[in-house]
């Protein structure tokens, strides 16, 4: 359980790191939307391993096959199934992990929950699972662009102690993709790259922050009480591997402000009331204000490190874990398309849900 | 939509600040659980207004009536409906807010979403809605204590720039309740009280952080992928009024650590593998490790302040808003039982979900 | 669990026969719909006991109080909570049933499932629970009339061996309400009344069939695969107390026809293709054709009869059950508003769901 | 939307008749269940075309590939994805149907709902979609056998006007599989075969009834109010292609009985109260009694017939439809494994849901 996300735009992912493949079924995508495997591939290519020397060297083309729900180039309203076969699976490379628990991985908790586990490269807990999310996110992206002109963008805003300066209202996809770190501040990007290189050489790893923005959001998306836009975004982001925190708008910085300084004043705008500032991050009471959604996601340093670590076997005996296998010394660059995907999925879901609200004439 | 939370332990809240009352229906509570209105009242009293001079002076007894689902002192397995009538409702006091948008409140967004709004004291967007959550949380608390000995506790760890020092593994309910701020660090509590008093006198308001812990959690709760324990907690917390951020374990501080420093090493324990540290905050891959769950929730300063503010009417004209009415200059003390309730609801849900996993012999 | 119905128009009922009351929370009703307690009362009055000598003499006004979600006469988009207090509750009258199992009632199965039961008048299993459905159905009726001109009507078409002849395309509410049996065929109605009177005098009870029609349904409601319109109707009807069967269109009679005779031929209509016949009952592949929905629901004879019956105690000992208390010798007349309510709820749900399908231009 | 079924044992199907393939994702299957592709194949082979001359001659091996969720022969608790590639797809054979509406097929309603349709062999509306259900049902069968010894069996009890005589308490899988009609009454089976042969020669088709039984059901499965066992079964069965009705126990025959004759008397049994008769069909108040579940499903005659039929084009012009392609003159024999699958899915779901009820000591 737990592999389904969304109400009206709903996806179910499946698959393990070193099984037959990874996939997703998207149910609820409206009919008549033009979509192709190429649309999916664009985002999948930003997520896939081996893009640069900053990321894991696992060699996966991650080619998406659309198995259903699309006919003559357009969605039919039926579930869209997408399959990505695992290519460079090397289960044998993980045989030595079979009987021990890697620190800060999910080996122990899967055993505790299920009483057995697929130990091949993390199995279901692998970040390869996010392939399904990114493919579904690409469909959501196409839908939101078509129906509402909504645009979603994320970028790396911090790696370890390297901060960046980015204008969330103006940054573009080109800016983000200009550097393999996906930090659109060129100076910071270079420093991040250096920090990642150093960590790799040291057999260590680094955490960081992905920032995100959603633009051209109509006011009125989201729902009160439990399904607030920020609540669904928080769930979406904390469901990503290695994420440890989420905040929206002023976020944790709001704590140190007073109400007078923090409140977003309304001022008359050309099309009705608007706010002079956007400390709210584009939501009030769980519902979009029409301003940009702005938020941050904190990621921990990669748990797999190329150093010796003491750990314990399933029989409770001490053992030394030698890191082999392929991994990212810093997940941040590849987390960017995942954060975008989750944002797109939340927005597509709420956009479709809003249709049932807008039924009687205003 | 959006007023339902949980899968196996599921609640639906309803009600507005100045309507007939506030209520909740809890479906999925197992039968034969001893429960009484007094059990609910204990937590409701910690949430209700007028507890101390730090909170709003609205005079509400918030007496809970259990309307169904309990027979001869025990739950029957049928839905438990709880009703709290509004007592000190004064809709007329809000008449002057009918045609304008209060800064950083949900007036504008409700209008944008629904094309009309109940302007009496925030209507559905009022924090009075959380009465239903706290009542349901009290039922969850009783259940979790009974079936698993799980204990959940929250406290105020920061107000504005006043920090506290609290040992999450040892702090008790008595410590928390010892001071009206609900900060269990006595020195910090006094400083917080002074800061809140100053803010009130200045017609201003303050934000802060609530920290929480859940103890005696069995390993194995939660689910992979979307319904991770930390994802559901994140959604739960970001669904609380005025919350702006959430993190778990090392949280945003993980960003500045390296993998070698951050990883929780496994060591042999008397009952099997355990970790030497708990930077994960009690979860790996979305599933509980058996360690304490530890997390933080950031709250913004109260949007209602006792100062003049410029704003805009629904007709897009500038107007000065004079703050009247009753409000909390700092929501933190009353947010504590809300954070506990949401934690309890997430845990009860996942505890019941786990029953369907533990079906075949290990 | 199991007290929630619907996805986009969703209700949760609660309450027991002799507890504090019965209620419902409706979430998802669009905002700005004019609705009043009088709208609900009209349908509740058709359902309530004591309407005629054909029904139970329990004296309940069944006055509905709307507690939330309606402001200044219109829905706000927030959950609508409705409360009906139990008036003529007489739990003591059921004390003698506390330790035995009434034949063909749910006493035994509730004990088997929950390990305890509220024995006061059937508790949660009482048909009083349907008050919440009928109240929610009245809201759905108002919505469907407003947005789509949809009209739903049910009637008693058979009681025991008394058949009726009714034209489903033409029958009106006035026809149905003209006789306390709710059979719009006057001759059959009289015969049914006589049969019910005879059964009552004999200390016996009768079953029957409620037929239903939904008119002015736009083509395109419903969904393929699991959420077919007929599947959701089937679930809705089999969830009613005492119902034993459901069929749509030709239903069980289709079995004795051949394909050539059964197929609904398409013919050119003024507004596009239409069918010459409607054996499908207004659905194909789970989706509405635009023709009238026509269906039947079979109800068993009331389990409570005014005769001595042998049964068994909870301690597995034989005992004679003497029927006391108030009951309907035939549930059919009061089942009519229940069947209408369930039909309305299914249609409102699918109507709102369709909004998310009709998003891209055709 | 609408391609997902179940709460705790949940499946999502996808795929079209002449697309890449058909599949299903099962989420919620408990871990550690032994399962193999052979387990699935057994039921798929009973469903697949070309088994006998009574069924369509489309040549499909329907080989199931398990893509995820199974490791070293046992389920892991992760979603189980199953893929069946379409082999004998001949989209070109349907080109002549592209612009017209086949009588009593879903061509028209899909166009009405979605504004376009996959016209290749019915697309999503094809009964090939049930491959996913049958595969998931096979997993449910294995689970229910393992945890509760539950056994589910269905058979053809009527074809057109050929009735059969079958003892639901004693009939076996061998009896059912002994004849290609899947009618375990040998005399009736022969007559059915003859009737189907005649219909085929006449270019006509026949309907019928599938009866089902579930044995060794523990008392207490199901839920009150909306998720009654019979309600979920009704939905399950009416979601099958070509089904028009469902009843349970005495079903539509209950109408003609009186309460005195219909009630199931309790008598003392060796293990506690039991009933002398089972007119209820194994349920009371939505909850299983412990008796066999017995029910019937009515199927209409196949809409595709090998005769000329008048119909209308999408441009509302009369045209003659010449039946080509491959089809079943009577769907009943192949409906049997579908009915079994849906029963198994409902029971597995409720069995897992019951685990969250049985939490506190009785």
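Order of writing sets the labels: A, B, C and D. Residues in every chain begin at 1.
The rule we apply is simple: contacts are C-beta pairs under 8 Å (C-beta built on N, C-alpha and C of every residue); 3 or more make two chains touch, one makes a residue touch a chain.
In this text, all values refer to a predicted model and were calculated from it rather than measured experimentally.
Annotation: omitting chain C yields no split, and the remaining chains form one piece by touching. Contact with both chain A and chain B is made by C, D. For the interfaces B-D and A-D, the C-beta contact count is higher for A-D. Chain geometry summary: the mean Cα position of chain B and that of chain D are 45 Å apart.
Separating the CA-averaged centres of chain C and chain D is a span of 26 Å. If you average the Cα atoms of chain A and of chain D, the two centres end up 39 Å apart. Residue positions of chain B with contacts to 2 or more other chains are 1-4, 8, 13, 28, 31-32, 77-78, 113-115, 124, 224, 353, 356-357, 362. Residues 1-4, 8, 10, 12-16, 19-21, 23, 25, 27-28, 31-32, 65-69, 71, 74, 76-81, 83, 113-118, 120, 123-124 of chain A are the ones that touch chain D when the two sit in their complex. In the complex of the two chains, the chain A residues touching chain C come out as 7-8, 28, 30-33, 77-78, 146-147, 224, 352-353, 355-362.
Residues of chain D that touch chain C in their complex: 1-5, 13, 101, 103-106, 108-110, 112-115, 124-125, 129, 158, 160-161, 199, 203-209, 219-228, 230-239, 241, 243-252, 254-269, 272-273, 275, 279-281, 283-290, 298-305, 307, 309-312, 314, 316-318, 353-354, 356-357, 362.
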